[in-house]
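Listed below are the structures to be examined.
Each of the two complexes below includes subunit A, the first together with subunit B, the second together with subunit C.
Moving on, here comes the complex of A and B:
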């Protein structure tokens, strides 16, 4: 009964968001029932739809965790976008330069390079926060814009693929492609890597002392400081972990999904990652589930645009509405106490 | 005129032209922050302002009407922010980010609804330059300062007016006291909520106007994500200016100068790959923050909600 009571406000919030979005869709002159039917059935009607959902789930989960892990210590990492891009650049660089290494060596190297490059990008903001107390929201966002130019440079520079119409690098060495889990429809082991990362984050924040210090810092920085936790170090550390997760998602996109670096490969994943993190109310263990739900919406949304010609942006409005209603439901629960 | 003088005139004129969105967005941020409401949705509000301003201007054929609508939408964002943070006491950053997403989605959705898919972008006439009689005839300075579009003049007058209101009037004193210590302000009979709503709404309107400036002066049309981080830079500028109108105005000149420089050098070509020139404004902003952030004077209650029923602050 208490479980139902706990989840009821969420359920009502999501329902209210769909109701509001439905009215919006109807106001645009489309049939909301048909739209919702497409949105929710696409992921489950065909194996391909389900695989597509899983493929989207990987970056969404990792990028949402890139936001929620720093948030556990009370810091806002809005820079997962840049960290993912720079991670992807690092992976592509290793994958192209060391293309001839055997897979057993090259694949871990590519993944590691992505994680490292992403972490370093995040470390810039983390260090500026640690050293100069500069607002991390601003530096992470500004570095996103720097990373857009960086990936453009890499994709149009010496590694450019002249055959591609869009700024793209040549493929990484075939030995660096992520192994397949299922061949048809294709699903690589990226989904397992994301799963490991998710469980790792959960165990770290919920079952270890170091992780506990992190969460306590977020809950009450002053009390933590009094009890001898170096909170500034916690801020730095949590931001770098978040950036590493974003870097990992960049590595998976490069070595698994595309086998090359493509400008714009991050799509709208980073924005969705933030929304997922906020809908999960910053709870790391809720992120994978919310991410799966959003992945269903996203896969359904593109199908909706294809078959019903409803602009895909409608779904972004819907997601923002879910977020706002969830925040409101939070409030109602707080008042009831 | 010699070549260097032509270049300099051109560069400075463009710098004054480009400072406007920075001034408007940063003054809007400053105004809300002075009562403690820290808006972080600038980028989204500016995008929506640009989108709405352009669409209304195009469809009604009246650019002024577009400007007004962009400001109204910006004000609506400010109102929502004020309601969620002041009345419902929700986290300011979280609500701000949610509004940022809303603006992001809305700005790109609206043109698709209103215009459908178009191959050639529809254009609106850009704002004409207004030369001020006599003053615009001064050599060198005249064409730079006194031959600009109307919003350049307005943004300067606004900055001075804001300074006067904040630091030379009773209203300004009360307004600032709300941001410094709401409990004291409240005990003196100042309505904290009223001031927070007021500044948040007016701030939102200014930010919306800053967005509308982009299609109305630079491009004549709306393109997705056209604000390109100016909203975020405006927040940095607000800190840089110590949450004070006049330093913000001069700071805007600096950020606009870097933007124009980055753009000019791309056009001119040269030894650097152009991508590194595009990075310039963002990197410059970060460097400026390193030198000014620690020393910046910040309103005491910035980003915090006030609950009069709570015992401690």
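Moving on, here comes the complex of A and C:
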């Protein structure tokens, strides 16, 4: 009963979002029922659809966690985009420079380089917060812009692939490609890495003493400080962990999905990551499930555009509507008290 | 003499969420009387009066003013009908003068200039009539609490109230100011007002009230004139049948202990000073030593550095100079976590801001601060099995009303949040307990429970530092009392030298008794 009560507002919010988006689709002159059928069946009708969904799920989950882990301590990391890009740059650099190393060495190195580069990028904001109390929202957003220039430089600089029509580096060494779980349709082990990261975050925040300190710092920093918790350290840790997760997603994109660094490879994942984090109401445990749901919508959206010619943006509108309705349901519940 | 009722309330009911605050309460205030509305915390006194003053709406019931049924919709409406209220926390603008505060929100004769001559004359007349000595051009922030309260009373008088409600008016006053307040109340009644005096202090109602009404758990218990009232009757009425008075700390024995200063000192504070970021002195040159098993009190009007002292001893704020020793070892540089590991326990003054986590579960709250110690923590992991087990034990021992350890903290009522703090503090193997306003917001049986806990703990050698604005509480439970004034300790008294008026003088900043100001009893 209480479980039903807990999830009911979400169902209503999602339903309301579909209803509103449906009216919008109908107003555009399309059949909303057909559109929804396409959106929801694509991921499950063919193996390829399902694998496409999983591939999208990886960055969505990691980037949403990059937002929610710092949020657990009460800090807003809006810089997952930049951290992912810099993580990707780190991976690509290692993958190109050490292209001849054996896979057993090169693959872990590439992953590690991505995580490290992302963390360092996040550490800039985290340290500014720790040392000078500079607002982390500001610094993370601003560092995103720096990262755009950085990736532009790398993709058009000495590692530029002259054959490509778009700013892109040359491929990383073949030994650095992520191994495949399934060959046809192709699915690399990135999905396992994301799963490990998700479980790791869960164990950290729910089972460890340090994780307890992280969560209570987010719940009430002042009370946590009074009770002996070094809250500034918690802010720093959580920001760096979030950045590391974003860096990991950059590494997976480079060594798994594209095998090279491509400008714009982050697509709209970071924005969706924020939306997922907010729909999950900042709860780390809810993130992988919400991310899966959004991945279904995203894959379905492309199919819908291909077969029904409905613009893919409709789905982005729908995702935003879900978020708005969930926030609205919070407001209504608070009013009822 | 036979007086008619100026105000009556009949069958008042009020519930908050699911909590019944008032059930079928009747209330009567007669012309020209001081009525004491007596009861412990949570008895419903303030709720009842807030309804009268238009701050809350009652669920059912009626109000009669001079025999005529009225509905009071807002405080403004209440003032128009001649009902005024002085709250526990004054609603004043600190950098305005007395006269500006008094006329704020009322119509003035010359609205486009700052010329208040006419109003000032009127207020001056009221001052003479009620013999209130206040400098009307003084800025509020420069005045002591007792005078600020008189400003609140003047505010009500200026608006021509016939009925004045005072909510726990003696809370922040020193004994001399309490005497002076009682004088004022008597004059006001003579001048034709009727007064409701809300309090939980027995002695006060017996010394100033004409009639006494007792509320308990939102119900009427008794109403009687002072002639008919006795200590025992009122105590019984306030606490109910359930409490064992003979073995209570509050009503029977106090917390007298023997020769604790013979035991070794466990906490030594030497020359501690702290200068705030804005260069003001928070505390200066504090010397203290507390012995094992001792209950050491710090008295003082709120805001004289008590909180800074507590936080420096806990290591929450660094001191600017001075040293802290614990059990002979210097710990000046240790952080809060290390001190907690040594057996420090702290109950902060501002419970909600500094002690409670609304967004996480009761179990999370119950281990805050001790989460890194056994049995809650094991090699970096929280042992949730132990946490759940201890939480359940604490919930039942401390009578916390919750659905269980997993309930979100924010769902708990204020009184239960208090119990969570108390449970957390007293469930530790502590060596030093620092408690700031330990029993604020607790009902009488819970207060007594806490005092008993302190007594048992100090018998085993735990030192206790109690910081309180409630002088009666300190007199009841402490072995020694230090008085703080403007960040300094201005005097330390041992139990055999406890004297209320002497402490009152120290609290108000007189170094030594200059003359007999407040008359003794």
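Simple rule for what comes next: the second predicted complex is superposed on the first by the 331 of 337 C-alpha atoms of A that agree within 3 Å, B and C clash if a C-alpha of one lies under 4 Å from a C-alpha of the other, contacts with A are read in each partner's own complex, and residues count from 1 in each chain.
We take it that a residue touches a chain if its C-beta (ideal position, glycine included) is under 8 Å from a C-beta of that chain, and two chains touch if they have at least 3 such contacts.
What you see is a predicted model; the values in this text were computed from it and never measured.
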Item checked: Residue contacts on subunit A - larger count, subunit B or subunit C -> B
Note to self: On the A-aligned overlay, A:317 touches which partner chain: subunit B = first, subunit C = second, or both, or neither?
What the structure shows: first
Next item on the list: In the overlay, answer first, second, both or neither for which of subunit B and subunit C A:137 touches.
Entry: first
Notebook entry, point to check: In the superposed arrangement, which partner chain does A:128 touch: subunit B (first), subunit C (second), both, or neither?
Noted result: first
Notebook entry, point to check: Which partner does A:76 contact after superposing on A: first (subunit B), second (subunit C), both, neither?
Noted result: first
Notebook entry, point to check: Of the partners subunit B and subunit C, which touch A:278 in the superposed model: first, second, both, neither?
Noted result: first
Next item on the list: Quick one: classify A:166 as touching subunit B (first), subunit C (second), both or neither.
Entry: neither
Next item on the list: In the complex, go through subunit A and note every residue touching subunit B.
Entry: 28, 76, 78, 128, 132-135, 137-139, 141-146, 148-150, 152-153, 156-157, 271, 274-275, 278, 311, 313-314, 316-317, 319-320, 323-324, 327-328, 330-331
Notebook entry, point to check: Touching subunit A in the complex: which residues of subunit B?
Noted result: 40, 43, 84, 88, 90, 93-95, 97-98, 101-102, 104-106, 108-109, 112-113, 228-229, 232-233, 235-236, 239, 273, 275-276, 278-279, 282-283, 285-286, 289-290, 293-294
Check: Which positions of subunit A touch subunit C when the two form their complex?
Finding: 207-213, 215-216, 218-220, 222-230, 337
Next item on the list: Would you pull the subunit C residues touching subunit A in the complex into a rising list?
Entry: 17, 311, 314-316, 335-337, 339-340, 346, 348, 353-360, 364, 367-369, 371-372, 377, 380-382, 384
